[in-house]
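First the structure, in the form of structure tokens, and then the observations on it.
We just call them A, B, C and D in the order they show up, numbering each chain from 1.
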Amino acid sequence: SDGEFFPNVPKIEYKGEDSKDPLSYRFYNPEEEIMGKKMKDWLRFSVCYWHTFRGKGADPFGFPTMKRHYDDESDSMENAKRRADAAFELFTKLGVEYYTFHDRDIAPEGKTLEESNKNLDEMVDYLMELQKKTGVKLLWGTQNLFSNPRYMNGAFTNPDAHVLAYACSQVKKVLDINHKLGGENLVFWGGREGYQSILNTDIKRECDHMATVFKMALKYKQENNMTAQFLIEPKPREPTKHQYDYDAQTTIAFLHTYGLEKDFKLNIEPNHTTLAGHDFEHDCIISSKYGMLGSIDANTGDPLLGWDTDQFPSDPKKAALVMGAVIDQGGLGSGGLNFDCKVRRESTDDVDLFIGHVGAMDTYARALRIAAKIREEGTLPGMIKERYSSFDSGFGKKVEEGTATLEDCEKYIQENGEPEQRSGKQELYEMILNHYV
Amino acid sequence: SDGEFFPNVPKIEYKGEDSKDPLSYRFYNPEEEIMGKKMKDWLRFSVCYWHTFRGKGADPFGFPTMKRHYDDESDSMENAKRRADAAFELFTKLGVEYYTFHDRDIAPEGKTLEESNKNLDEMVDYLMELQKKTGVKLLWGTQNLFSNPRYMNGAFTNPDAHVLAYACSQVKKVLDINHKLGGENLVFWGGREGYQSILNTDIKRECDHMATVFKMALKYKQENNMTAQFLIEPKPREPTKHQYDYDAQTTIAFLHTYGLEKDFKLNIEPNHTTLAGHDFEHDCIISSKYGMLGSIDANTGDPLLGWDTDQFPSDPKKAALVMGAVIDQGGLGSGGLNFDCKVRRESTDDVDLFIGHVGAMDTYARALRIAAKIREEGTLPGMIKERYSSFDSGFGKKVEEGTATLEDCEKYIQENGEPEQRSGKQELYEMILNHYV
Amino acid sequence: SDGEFFPNVPKIEYKGEDSKDPLSYRFYNPEEEIMGKKMKDWLRFSVCYWHTFRGKGADPFGFPTMKRHYDDESDSMENAKRRADAAFELFTKLGVEYYTFHDRDIAPEGKTLEESNKNLDEMVDYLMELQKKTGVKLLWGTQNLFSNPRYMNGAFTNPDAHVLAYACSQVKKVLDINHKLGGENLVFWGGREGYQSILNTDIKRECDHMATVFKMALKYKQENNMTAQFLIEPKPREPTKHQYDYDAQTTIAFLHTYGLEKDFKLNIEPNHTTLAGHDFEHDCIISSKYGMLGSIDANTGDPLLGWDTDQFPSDPKKAALVMGAVIDQGGLGSGGLNFDCKVRRESTDDVDLFIGHVGAMDTYARALRIAAKIREEGTLPGMIKERYSSFDSGFGKKVEEGTATLEDCEKYIQENGEPEQRSGKQELYEMILNHYV
Amino acid sequence: SDGEFFPNVPKIEYKGEDSKDPLSYRFYNPEEEIMGKKMKDWLRFSVCYWHTFRGKGADPFGFPTMKRHYDDESDSMENAKRRADAAFELFTKLGVEYYTFHDRDIAPEGKTLEESNKNLDEMVDYLMELQKKTGVKLLWGTQNLFSNPRYMNGAFTNPDAHVLAYACSQVKKVLDINHKLGGENLVFWGGREGYQSILNTDIKRECDHMATVFKMALKYKQENNMTAQFLIEPKPREPTKHQYDYDAQTTIAFLHTYGLEKDFKLNIEPNHTTLAGHDFEHDCIISSKYGMLGSIDANTGDPLLGWDTDQFPSDPKKAALVMGAVIDQGGLGSGGLNFDCKVRRESTDDVDLFIGHVGAMDTYARALRIAAKIREEGTLPGMIKERYSSFDSGFGKKVEEGTATLEDCEKYIQENGEPEQRSGKQELYEMILNHYV
């Protein structure tokens, strides 16, 4: 038989491009080598616990639509464990080696901090066993500092120091359990670190507090010899009107301003990137170029919708631009491609959970093949290199080396006059890219 | 008589709130003191040369609509001087003490750099005379690195070093003439410093070059004992698809990354801010809070339009949030409120140039009165102060001082349990603000 | 004492513009006559039941924040009645004469249709009593066809006829109870009548079904001698990706296509209008001009946010453009200004419910005063009339009468040549409008 | 040799999917039959005159970038003819059988209407010869009522009847020349038929005038036995803030309101569709479903940019949704796929004109193959049919036939109770679509 929770779903296998079986991979062949590395090591897929095991299809206008036979919707520890069992069956059948969670996803929040922490401890032991049994690893843990009403005015940036203290207590606990479970990173998403109205907000004081908390967390990490890479996940808005970690570069500005730029990288979510007005791939590429791309929440949004839809990605061309950046930086390091995605609330069958992941994994596997082929054939990279070649020697090289002056520039023009026009050839680049997709 | 160029427009006078004369100020009373400073010194109004004296109403779908009797539309020096005469008549009649220009606004571009520079020199002498005669001063000059086709692929970030050299030659000249004319600032707007397609672009190499040019300019400034404050003007897009100086915080990230944060401030344009997805006032406030607000291009856009409309502002409530930030930082320093605004292309009467400025100046003058009254009465500032008062003593103060640890936080919660809920009261803040508007 | 449920809130009184009491009206003086009609009869304010008595501050990222001492959050009839009592105390203290509801707001949904209907019957009797006792009237009722999971794929446009049948059963019941309670209108909001993905959707067949249901409802209305005005409320998206009633004109297209244009008017919500890419006032004005403005859900959104925020309005200038349209059509008829608004989820005090409404009512009362003054003074209307005066006689009049031909036009140009240029003077219009605000 | 104007560009041939020659088709094989029709007859490609032969790369921030050796940029008739020769060489080398123009694209505007018309007559004779020689046909002509300053306040909706008369004179002439050249359609794009500010605008009177002009044009068409299909091209905004023909359904509302729905179809431009907040394919599909899809301006925009970029399309998946609608309605009738596209202003080489078209034609040819294969294999269409099958018999069929009542619906629920839940399976549809792309 095929397991306890999803008996009708087999282990998903690679069957090649012509397969019409929706429960097979057409492009993802985990052990296949691409550019000197196994596909699974380039892609480092991860399933997220919240959407796939805690999300039930509620939206601002409707009640939950999804019933799972393994989830009685109670807050009992027994239910929490049964959900974990189901989760690891899904991870294993998909062949995904990583997962991610918020503290409140895996264990019920208690009436007090102590009770919540006790629940966490029990579940962490349980997850440890499941990890050992299956070989599935923790990509990262994070603290949920946005669902509980106490955080309505912010967590690290709450006007009330008492709430900040509560948030920090959660951070401390997550640092501990993440370490225990071997979490390779630890994510900070400041969902309510921002403002609804600038009229009642002291934004400078709030940002100062946020930086202070990050410093406390770093200190605790160092004192306890923890190694998880700290990651900040930018988002421009929702639930707040304006979130302080608006996008990759706003977050980099924050880190530099407070001297934190060496201790943090970014966890980029394309759906957040498009909400900030940038292309799907932009924040991945810009972070990567500045050595700040730590991990990716590999979802997609709808460019015409103004909220986070967290959809499973299905556009190999867009994904190929992301995988290109990943290849160019030599891989994701301790990060991964985490499916911060939810099946649509109308996709209510259990099997839809698998279909969503299989489609997304194949989208990124196809993207990896495309990006690798582009680099191996070299046409597009060569065109770009040639385009900037005036900086490889002579006057241009002097500019790159930082030794040219304004006077040198003027002299160069006096001697060489007007530059020649060179076409940017965008349509040609687009056409050639289509050869690979 | 009333001048040569606008004979039917009198000197605009303050006539008080009940005036129905569109050629009078209802709120702007330049010498009146508000919070210890003259209105004109808080507001430091400036007229821009390009929209008001070079813009003629062309748009992407239509030819110019505006004829000016003082502009024969030739590229002659005589025409350039007549335009300058008209400009100074307008400045004087409005009672505005500052103006701003791009190099190509004031003097025709020649066939060679030498010829362009010669034209500039002649016009600079002419403007010096007009400045002396009228007392009008130069708020800032800047280089036009976007109109000429040579800059189609960027100026400082052009893939061709030859173009970069040309752009730097223009910068050198503008540094010189700005200094000669006593320009209090110098602005860099990177209109084409960005990309149309990420497919043909090496964004890291381009940003490196941009930083290198800024360093050349700083060196030249220092070596020549110039004092103008350098300002960068962010804009998210248009004409490029993505501009590297996307918004205030992206620009701050750039400055920190390249070690330039001490030598530059920002020139914030609200229309650019809303194009980046932020409220009108956001980039002014965030820049101000981090000591980076240098000057303001006091226009407005339409939040439903996706392009720069550069409209004259007419919303005193929005402007009051900006003036609040200006008051809180003690004034604009060497900066000003520069009307980077154009009359609509359908507003073709000469007098519309005056009406646009009078309406905008009154909007900001009214805004100053509102913002000052809010501070003098103290209700809203007091509510905000009270909201954060838990950080003024005890545990909260320890957090602000940076001496609290995660362990302290946890201990605080163990002792004090769940925080009390405190309403954010946004509707009350909005209601009270309406008392002042 | 001041009532059972909000003991600390007095009856809200008009205290004039200088009042600093947040629980007083500065502009709303219900019995005062403006342009021949009492303020309350121009404004016809209405409180909505769902946000103010059923909303608790949940958002997509957070649990409810609001506790009401009169609501034990159970699904009991007793609780439903206590909420109704509290609601009528709020209506009465505000001095609002209308309210609105969805069927599921006022009575708990049962396990079967019969049980739900039985609950409704009991609550309708209860509300009848409260209406009689207080004089508060029902502006409109509507059916909730979006919250229950059965409607996840649409109600009237569900691919399953079974679901359509269920939706129609609810409509039938709401027609009955709305009639019984004297509801002056009946609203259809097609929250899930649209698509999430065009890939799985037959949009034509779905729209045909929607029209068929409207015809069934009309037939039932006529056969039962009901008089409520049917209203459709457009919205572009959310919860669906694309809603068929996108905006006012899309809905008018639908009504015409299916021959329903005489039997329906529109209920316009400014927040939905801005989500569709139009200005706050646009859909009110365009509907009004074509005789289709039936009622207004008087809220506001944030033009930079891509979802429905349903905020209490606080911009008198925008509201004045809406009230201008209302004055121009002689009033709202059977419609009203219904506050489809919710206090922010951070505004958790009971009194915030009052502050939100008081601020909004004053915004619209101030707007009415502004719009009336503009019409009474006549400056702006006169400028517009003059602008189009070429159509009042001669050739222009012939065009308006529909008797001119293309040949006439050509002849006119042959005789008269090029037209003179006339400035649109937008800045002057904006300046003059500011005189009134 | 390969022609006079583009000597280095050969006739573009179909070379199959593996071709790496940018001047070859990989997918477009004009004579190949797909679903019973030649590819060229499904696609009916058309080149537009304005972008490709009159556009020179100016943008709101920059001067023209493109020099064409065959265009001396004068307004002479000789130059106009040389441009026409070059155009027909490009049409022929691409193998495109249709073209489109505005009156002012093909012949210089004169000082008077008479002079303009005389220029047109001369050029029409010239084009007739070129059409005969090459077999290239006119898809549609249209009148430019937006570039000349006289139209700054609108053409058909201008507040000045004199301007309306001028616009109508142009319409009359275009009707004549379009007829003479065998134009199969005639397009109305109301670029300035809208408002910049609602404050100075009587929108009802303006829309009435627009309808009146359409009626004059219809009358003239009928009286002169012309057969061109009239088409309206919707656009939401730009150059105006709000254009009356906002999108497909707004335009349909307008046509119905004024009784014009039988005499007009729509010319849909995907870039305009996305500017209106809809998906690329939405307006094509919705128009098609209601029998209103007349022709397509086959370009694309950038969903993150708020202005019309008129790019050559390069996304076969999006284009396949459009071609699916075209197949489902049995072809485009008298319409075509007109490339209302411009090469980027940085794409300054002559050959870029070809590369842009070749890439776009291949995108749509590939799309046709995808859409046909989806229909031939039948998997996706079958899933949709099954999804709505409850309406094919029994109660559902009664609903479709319009004979069910609300009472029937209630009875159905009383007998059948709660419907079963059926998953929408969006992820499965997306995955299967990816099999074809």
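Definition applied: a residue touches a chain if its C-beta (ideal position, glycine included) is under 8 Å from a C-beta of that chain, and two chains touch if they have at least 3 such contacts.
What you are looking at is a predicted structure, and each value in this text was computed from that prediction instead of being measured.
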item	value
Selected pair, greater C-beta contact count between B-D and A-B	A-B
Recurring contact interface, reference A-C, options A-D, B-C or B-D [over half identical by residue number]	B-D
Inter-centroid spacing, subunit D versus subunit B (mean Cα positions, whole Å)	40
Mean-CA-position distance for subunit B and subunit A (Å)	36
For subunit A, residues that touch 2 or more chains besides their own	65, 149, 152-153, 196-197, 237, 277-279, 304, 344, 346, 348, 421-422, 424-426, 430, 433
Contact set on subunit C toward subunit A in their complex	57, 59-65, 146-149, 151-153, 191-192, 196-197, 237-239, 241, 275, 302, 304-308, 344-346, 348
Touching residues on subunit D, where the partner in the complex is subunit A	20, 22, 26, 65, 274, 277-279, 303-304, 312, 314-317, 343-344, 346-349, 352, 355-356, 358-359, 362-363, 421-428, 430-435
Touching residues on subunit A, where the partner in the complex is subunit B	112-114, 149-150, 152-153, 159-169, 171-172, 175, 196-205, 208-209, 212, 215-217, 219-220, 236-237, 242, 246-247, 249-250, 252-254, 256-257, 261, 276-279, 281-282, 285-286, 289-290, 321, 380, 383-384, 387-388, 390-391, 394-396, 399-400, 402, 404-410, 412-414, 416-422, 424-426, 429-430, 433
